[in-house]
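Read through the structures below before going on.
Below, chain A partners chain B and then partners chain C, in two separate complexes.
Take a look at the complex of A and B:
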């Protein structure tokens, strides 16, 4: 009961601090929006196109690129802005459609489309391959229309319409897709990626930075005053742990609700998600308590806490999927609790996981929570005695 | 001037005694940059293993396999021969190969017939890019064959007599698709993760100086230090100059050290040293002005901590210190240019990819200095009140 009173007092003190509230509640949502809007390009090539002066033929290529699987297009109005965007990495390749491209059709003149890409940049080479294939597909239509116009009574435009309609039905070398697997080993892109990873990141980071409150309480001699009354050290520890646990739960609940309502994130099996949130909140509570006993000044907690939180989040796959890093880095990443939490969310969001499926991850996270809470409680107990 | 130097020296000594200043100014940016470097080592180039099952061994199938092993394709994929479609599915599923291409028996013989065989592309949901690239290479390879067949069918549908089929087919076989593509390099370097995140993290942790310096000012004021200085007598302008100088020296040292260590130890490309130094120095000036603004706007230490924390994270998020801003939507790229750190990141990225010297970063430096003049001007009026 006294632990509850301590938790209530500590929570009230943190909630009164508007800066703390900003970091607890507002910042995670802003980061989810920014990261969610950014993490969309793992399976698409961004292709910049300058089609100025290329006429209707050029427009048809732009439409074909726009409708191609795995290609997102961005329109540029001059070559300089196109190449600058490529140099800055805003696009994967640049496509320059030559002026007077209509002449390919009207005068049956061959034409060449320029694809800006560096030979040594293999990512750009891959994108160039995709673009080149689309251009050949459009070229096939032009070839067919010109051939038919020359060898039948159709005009070029009639033949082009015919070729377009026949392209799908004419026997051709089909490219059949065979899926080797149906369930992804990474989180979905967009907000379904940023919401769970930022939940993992911020619950831990806020707890680490929040350790400053315990240091401040220690410095003000509030624990000594509490101990002068009929309050035992373990009650104080339980109260503080409860504070961090409750704050972590509130923060997680906010991210889950905002993620579901505003960004349409489906959090998977509710029972498994709840178990994961609670276990992760316990890990956060342990980290917060440890930060409060490990650092000497609030400045140290505010400086080293976020740094450690960000570093662990990077290692654990909160900033980028661990599937894109080397095997060694993936293994090192799993030394952090963050990697196990992200694995569990991946199972829930991408593979319809249940509480049984994520039991191994929950087990590891529970072990982290036990170790962190035990070590930090012991340290706080020693300082209180 | 001497008074300002003494105040700056006192502030710097005080800061260096606190380990958190070393952590934020040096350890943290180097640690995070090192993590970035290790995490993305060997992953910045696109290259994948493509499993190939050749059940045909005919002329066209052999040509296709050769095309996959050509020098152009070799830069993005390595062919691994597999025994059967089942093995291909298993290997793609297990991640031994990123995608696989199955050429069925009879493919070469049927390719020019009425009903050609289909090629199968085995893909994984975890590596869609490899699947799409394989599809593009295969589509490009069969494009001419399909285009010739489509030409004949279009001519027949357009009114050419049916008995001319063989003649039309023979003529179509001599055609070449009139629309081809050619690759042209622009001579820009690739922006590696370490080259982006080294300045990004150095600037992010440099921004923390705003919190520390403004906090230190209010601690001094609470402890009566400012009043004692004023009694010395020291003019408010000298106190402000001393505080600003300490931020300037600390920021410059932090940025320069991170720059030197990440370039030499991790291979980060900061571009032309002269241009990078000037750009970094402009960024430090903007941090000095922002610190002065926080001191001017805040009335208590608590307020200063709150304002500066929100400012630091707000700028870092908008300016692209956490995410590679070039990958973000156009609106975010534009918003980034309204922040000094966003302009600095644009400048450092351009130095690393486009190259060049002062000309490359002239605009970012000018915008940062303009931003500094505006914030610094506002801060001067407000900060005098804080000191007085």
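Take a look at the complex of A and C:
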């Protein structure tokens, strides 16, 4: 009852603080949008094309690329600007259509289309493959037209028009790409990546920054006033822990609801997701209490707390997947609770995880929560006595 | 208010508390009866706040015991419901309204929602802040905050009100208002422990005064009892320029001078028959080039008592 009164007063103060509200509710959504839009996966590739002088044949390839699903075309007027754009990462692949492609085609001579791609990651490799596929498709049309023109009375252009018109109706060998569901490497993409990782990041970060409220309450003499009444130190600790726990839950719920409604994030098995949110909120509550007893001034907590939160988030895979870092860094990352929480979310969002499959992560996070809450409660108890 | 017990409500027995090697409170015993306003008078650092924290159960004594209504403060949590604590600094949430602050504090005493509403309204009226109930505390003046700070200690209708220097930094009008309220509390039967280093406050509101210095209670009694201890002594204040320490030493050497203390611009002397002593005091300053600018000879008061007992001025 008294702990509830303390939690209510503390929550009311935080809700009334516009800066705290911004960091608690608005900033996470903004970051989810930004990171989600950046980490979009491999569904759309930006392809640069230099088709100067390639004539109608070149234009046909450009149109084919443009009509291909998942390819956005950017036109360049020379090879240098094309390769520069590739080097800057503005495009995934560059396509150089040779000048005079028209004449080469109609004379049935071999032609070479150059594809520039670094292919250092799977996105670029996939883009190069997609572009190659379109160009080879166009090449097949040209071959068919050349063959027909050579063995009939039709001109090359008539044969090409015929081949193009038949392309949609002639049975062809189809190609379907299926990602193997190897549970070791599958990662959620886009908002399904950013929403859970930002949840992990911001719940912890907000709790660390929120430690300032405990310091301020102590400085205001409010704890002393409480203790002068029939209130035990452990009641105050319970009230403060409850505040951070509830705020973490509210923040998580907001991110989950906004993620699901606005960004179409599927949060996986509801029971497992709820267990993970609650366990992570307990970790956040422990971190918030600890911050309130570690730092001496509210300013220290507000400045150092978020910095520490971001550093731990980086190590723990909230900024980029730990699967892309070295084994050593991955092991170091798992010293942080963030890494375990992100692992659990990854399992839920992209591997159909259940409460059983994330049980090890939940266990580790529960241990983190117990340690953080115990240490911080002890420290706060000492401060109150 | 609940029925008052017979005899003293607050009883402190040989209270001791040290911080490191320094004894902040060294064997103080005192008692306060219902309706009595007890002033604990002493300079900064004398041990007043330590004493108050032990009375309120905020600090565990190294020795001795505190009982309120016959119950031990350190072992019986419920006894704290009998105590209203008003800390020296404003202990309110600045970003909550007056009403929210009071409601929160009232809930700590397990009052029901109806009673909380009633008490909050009552205290707001007592503090003359009813019209500002829904304003944030950080928009209040210093005096308004002080009044609300006191009001917060009254929400649960305590039998013992403990006020730790409640008028520090308060304008004269607010101070007057606070002192009147404290006198009213006494009249309603509440026992009040009031610490201050303002002599005139203690003289005005307290029925009984304890003088505390270096952690010890060096005198206790009503104002009259304390002043009578001085006999026919007077307090002489010599506002002067020059080497005041040397002047004080010269005064101290004169026969008939009981005690001497210096402030920033004056030397205060307690002596028998002050008017007869005056020429001798002025002569004492001549060889050391001290210029006396003003002289004030007053009847003995608590300040004279304090000076006589401790050899220091209260506001040092």
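As a working rule, the second predicted complex is superposed on the first by the 267 of 385 C-alpha atoms of A that agree within 3 Å, B and C clash if a C-alpha of one lies under 4 Å from a C-alpha of the other, contacts with A are read in each partner's own complex, and residues count from 1 in each chain.
Note that a residue touches a chain if its C-beta (ideal position, glycine included) is under 8 Å from a C-beta of that chain, and two chains touch if they have at least 3 such contacts.
Keep in mind that this is a model prediction, so the values were computed, not measured.
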Chain B versus chain C as contact partner of A:214, first or second or both or neither: neither
Partner touching more residues of chain A, whether chain B or chain C: B
Touched partner set for A:344, first chain B, second chain C, both or neither: neither
Which of chain B and chain C A:86 touches, first, second, both or neither: first
Which of chain B and chain C A:166 touches, first, second, both or neither: first
First, second, both or neither for A:2, with chain B first and chain C second: second
First, second, both or neither for A:226, with chain B first and chain C second: second
First (chain B), second (chain C), both or neither touched by A:13: second
Which of chain B and chain C A:148 touches, first, second, both or neither: first
Shared chain A contacts, counted only where both chain B and chain C touch the same residue: 17
Chain A-facing residues of chain C, complex: 56-58, 77-78, 80-81, 83, 85, 87, 89-96, 100, 104-105, 107-110, 152, 156
In the complex with chain C, residue positions of chain A that touch it: 1-2, 5-6, 8-9, 12-13, 16-17, 217, 220-222, 224-232
Residues of chain B touching chain A in the complex: 18-21, 23-24, 27-28, 31-32, 35-36, 38-47, 72, 75-76, 85, 88-90, 92-93, 100, 102, 111, 114-126, 128-129, 131-133, 135-140, 142-160, 164, 168, 171-172, 175-188, 190-191, 205, 208, 211-212, 215, 302, 305-306, 309-310, 313, 317, 322-324, 326-330, 332-333, 346, 349-350, 353-354
Chain B-touching residues of chain A, taken from the complex the two chains share: 17-19, 22-23, 27, 30-31, 34-35, 37-38, 41-43, 45, 61, 69-70, 74, 83-84, 86-90, 94, 104, 108-123, 125-126, 128-149, 151-154, 158-159, 162-163, 166-167, 170-186, 297, 299-300, 302-304, 307, 310-311, 314-315, 319-320, 323-326, 329
